[in-house]
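Heads up, the next two complexes both have chain A, just with different partners, chain B and then chain C.
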Partner chain A sequence: MLRSILIYGLINSIILALTAIGFSLTYGISRVANFAHGALYVLAGFAAWVLFYRLGLNYYLALFLAVVMVALIGAALYRFALIRVRGMPISEIIVTFALGTALLELLRFFGLFGSNYGLPPLRRATLQLSGVPVDFQRVAVVVIGVVLIAALWLFTHYTKVGLAFRAIAQDEQAAMMVGIDPDRMATLSLGLGSALAAIAAVVLLPLGYIAAESGTNILVYAIAVCILGGLESPAGVIVASLLIGYAQILSVAYFGPHYQMIVALLAILVTLVFRPSGLFGRQKELEERV
Partner chain B sequence: MQTKSIGVVSWLVAFLALSVAASSGLAGMLLAVEEINAKGGVEVGGARRPLKLEVLDTRDLEPGVPLSEALLVVEKLVLERKADVLMGGPVRSEAAMAAMDLIAKYRKVSILTTGALTPAYHRRVAENYAKYKYLFRITSEAGQLAKEAIDLFESIRQANGFDRIFIMVQDVAHARAIAGLVGKGLEQKGWTVLGSEVYPTGALDYSTGLLKARDQKAQILFVWMDHPETAILVKQWSDLKIPVLPVAGISSAVEQPGAWASTGGAVAYWLACPANAGNAPSNATPLTMKFYKAYTDRWLVEPEGYGTSSSYTGVYVLADAIKRAGSVDADRLVAALEKTDTTGVYGRVRFDPKSHQVIPSYDPKEGAVSTWFQWQDRKRVVVFPKAIATGKIQIPPGLTPSKGKD
Partner chain C sequence: MLEVRDLMVFYENGLAINGVSLAVERGELVGVLGSNGAGKSTLMYTISGIILDRKLKEERRGGERITVFGEIVHRGEEITGLKASMRVRRGIVLCPERRRVFPESSVLENLKIGAYLRDRSEQREMLEYTWRLFPNLHRLRSRAAGFLSGGEQQMLAIGRALMAKPELLLLDEPLLGLAPAVQLKVIEAIRNIRELGITVLVADQYARPLLPIIDRGYVLESGSITLTGSGAELRENPDVRAAYFGV
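Now for the complex of A and B:
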């Protein structure tokens, strides 16, 4: 039991990290809480399904194009909608939430519900890890998740755009003084955050199915992880994913599966009461000190 | 020509959705309405009048069971769409129970044709007949399905010697009721119930429960979940090669004809119960395959699962009752429905006069017959009850029967 908890806890944690990292990155750079995150996740899965099954494209090409398409939609979301309400957090939330809901309802209208739509796994095989059976796709999720997080760290530390992202995140006005365009960075951050949501979708959806209903779940998990870890902190996302991921698996193993949903929501509640900035966030640091 | 409206209370989606599968009950009902209207409609007082279907979506199967939305739809059908009769749902037991008072208040005849499996529904009708006499249910209920599950497991024990079971159900009223009834019933018959786990609607991972079942050497995995996430459980069972015979009750992810394709064949060996006969191919009555063929021709897919044949039959039963009552007046219609005695797609259809629950039986000549099938080589093969079975249960690899144990 212990070995399966350790292995499936890690898998669950990486799944949570993948769902949340895009939301966190976007907020960290542009300060936009993208409530269309879940809808973009579902859209990516549906786009990949259409490209693969309906248009007959190569599977990997279909996944790649779905990610690119959703990245462009994310960037357009900022360029054509959010830019008009920039700096008004409530309006930003309303805009992204409304667009996300409209997108999900549209997909639902066109039949994307139930368990009829699925993406095939990268490979149908079962591996034995210390005597615990794990399917190949879940192993791939862990590998892709770790590689993606490492790539993001390298990107934000060793590329011009990545460094500009961090500059904007640290001090927008100072960044502007050295010639960094905040709107361009915000557009790129929405595009990259959406691409990350899409990557999460094409990696995770083969584990189950594609349905409009899952968009809300993904958003709730992303928010739970980001609030616990700190909205703008990539390190916080990783730590919070591990905490919630293992807490969920432990609650399933020892208390009953119906407590697993409560764990994520409880994390939001407890964090907001005792440490509103989250474990690694600095958003309300001053208030907390006072 | 004047038309009569039948309000369909609950469907997972409106008919305009591209996927007919999740709205299979509605598709069954539309087929029946089309067939009846093609013959001129329902005969009332010497004249024939067509049926008109108003469709609204209560969305009560979604996570969180949004009851207020479901109740709003019921009220909208009655007050705004002026429906004479309500059919279909609400689908989720919690929503159907909540809607009972509302329907009774407006004195509208309601025939549940899909979902709402809780035994509390017909019990409440029996306890307060004067108030709830307008409410009927033409499909099965959790108590009957639990009895059938126990009888099925007993037949599996006799054939294979299995007596160790692990239960996984969804956190909704009818599924919890089924888990309790089946677990208790099997323990009384000497079975070992290794565990009974309740999963929230929308749960995305079932590995811990599956590994528990494996470690405790379960021989049967009993699953009762109607949320689409069951597809994840099916795939995990297959990927993790858990050596148990998986038996799902009502489960859209298992019972639909597209399940083999959407799970990449992972659904092989799974049993499921789409409640009434006719939702999988069999010869329960002469009408069963006639309906099966008509549905397949009309919608280019086989009857998809739970609620399909009962929704189809429900319209015919209503048409027959309207004809005998000569009106859609609620009290006259109730009296006519109580006297219903006809043969439908899944056997003889009669309602219990006190609870208004359709009378079940293992013999289609005596009552409404359920169907339990197993996925065998891309096909849904009916394996229980014996009277309508078209094949025998196959045991998945890795699980060894011990015949003669009992």
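Now for the complex of A and C:
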């Protein structure tokens, strides 16, 4: 029991981190809270399904193209819609939430609910991890999650665009003074954030079904992780994913599966009451230093 | 190289820049002298284009209304409406007041960010120059910029601006809040930068260290230029002496 809680807690934490990292990254760089995050996640799954089952592409190619497509849609979301309301947070949320909802309802209209659609796992196999049976896909999720987080760290520390991302997150105007264009960076950040949502979708959806309603769940989970961790903090995403991830598995083990969402919502509530900027929220601290 | 014509900048509670015209020729080191609130920073933000961003943000927020009149001409082209990043591309780079280094990034990262628009070989060239200009930055290269002293941060801010390979470097209050000995180091660096062939426009309130090194200067008082002349002329001027040297 303890061993399976440890192992499944870790898996669940990585799933949460994968779900949230795109949302957190976009917010951290461009201060846009992308409420279409969940819709883009579902769209990526649906796109992969169409490319694989309907167009008969190679599975890996289908997943790759779905990620690229959703990245472009995310970038377009900034370039054509958000750019007009930039700097007005409420309007940004309304725009992304409205487009996200419209997209999800459109997909639902085409029958994307319940268990009609699904993606196959990378491989059908079950492994024994110190006596606990774990299917291959879940192991793949952990590996992909860890590799992705490491890759993002390298990207933001060693590439020109990555360094510019961090610069603009710290002081937008100072970044403009060395020639970084905030609109270009925001477009890229929406694109990258959406790509991360899509990657999460194509590795996580084989564990369940592609359904419009999971878009809302994903959004709530992502927001819960980001609020608990501190909205723009990458380290916060990891720590908060572990906390909520294990709390969810414990609640499942002792109370039942439908407590997962309650745990996430409770995390939001408790954080906002006791520590509104989150565990690693650094906005206040930064303001003081100026 | 740079010409500002009849510039006026209004904030909601008054006029920040009132009919300023000035010119900077290639290779010159020009000073703008003014006390707190004289409009130095507004002038610098307007020349660098940052004010356009602030104006847009204030409009979107329903905040302060900012209005800019007049013309800024760079290499014969009007750039008054050009956004900040395009001005950096043209070689106009601002090193802002209060330094604004990226506190969580290391010294080296700050400098690399400065070279965002430049290619690898230009980055290497400017990095070598910056290390030579500020040897202690090299020693501190992996420290987070937020943990540097004020003087070190100022040097880093200047270094970051240099990494953008400026043709015209705008220095806004580079001496503010520094100990006199550190001020002299910064002055020495400015002299050095000018010898590299970079045109410099520097705004500050510290006349004593600044006047000896500038070719020409403008005195800015409540948004207007009240006096102009060579560094030596300004140093001899009784009004300047009264206002800035306390004699």
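Basically, the second predicted complex is superposed on the first by the 278 of 290 C-alpha atoms of A that agree within 3 Å, B and C clash if a C-alpha of one lies under 4 Å from a C-alpha of the other, contacts with A are read in each partner's own complex, and residues count from 1 in each chain.
The criterion applied here is as follows: contacts are C-beta pairs under 8 Å (C-beta built on N, C-alpha and C of every residue); 3 or more make two chains touch, one makes a residue touch a chain.
Just so you know, these numbers come straight off a predicted model, no measurement behind them.
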{"item": "Clash or fit, chain B versus chain C on superposed chain A", "value": "fit"}
{"item": "Touched partner set for A:Val273, first chain B, second chain C, both or neither", "value": "neither"}
{"item": "Which superposed partner A:Leu207 touches (first chain B, second chain C, both, neither)", "value": "first"}
{"item": "Contacts of A:Leu2 with chain B and chain C, given as first, second, both or neither", "value": "neither"}
{"item": "First, second, both or neither for A:Gln173, with chain B first and chain C second", "value": "second"}
{"item": "First, second, both or neither for A:Pro133, with chain B first and chain C second", "value": "first"}
{"item": "Contacts of A:Phe109 with chain B and chain C, given as first, second, both or neither", "value": "first"}
{"item": "Comparing the two partners chain B and chain C, which touches a greater set of residues in chain A", "value": "B"}
{"item": "Minimum distance between Cα atoms of chain B and chain C in the superposition (Å)", "value": "36"}
{"item": "Residues of chain A defined as touching chain C within the complex", "value": "85-88, 157, 160, 163-164, 166-167, 170-171, 173-182, 286, 289-290"}
{"item": "For the chain A and chain B complex, residues of the former touching the latter", "value": "1, 4-5, 8, 12, 15, 108-118, 120-121, 124, 126, 132-137, 207-209, 211, 213-214, 216-217, 249, 252-253, 256-258, 260-261"}
{"item": "Footprint of chain A on chain C - complex, ascending", "value": "48, 50, 53-54, 56-57, 60-61, 83-85, 88-89, 93-96, 98, 100-105, 109, 112-117, 146, 160-161, 163-164"}
{"item": "Residue numbers on chain B that touch chain A, as the complex places them", "value": "12-14, 16-19, 21-22, 62-63, 171, 197-200, 202-205, 207-209, 211-212, 215, 228-232, 235-236, 239-241, 252-253, 256, 258-259, 262-264"}
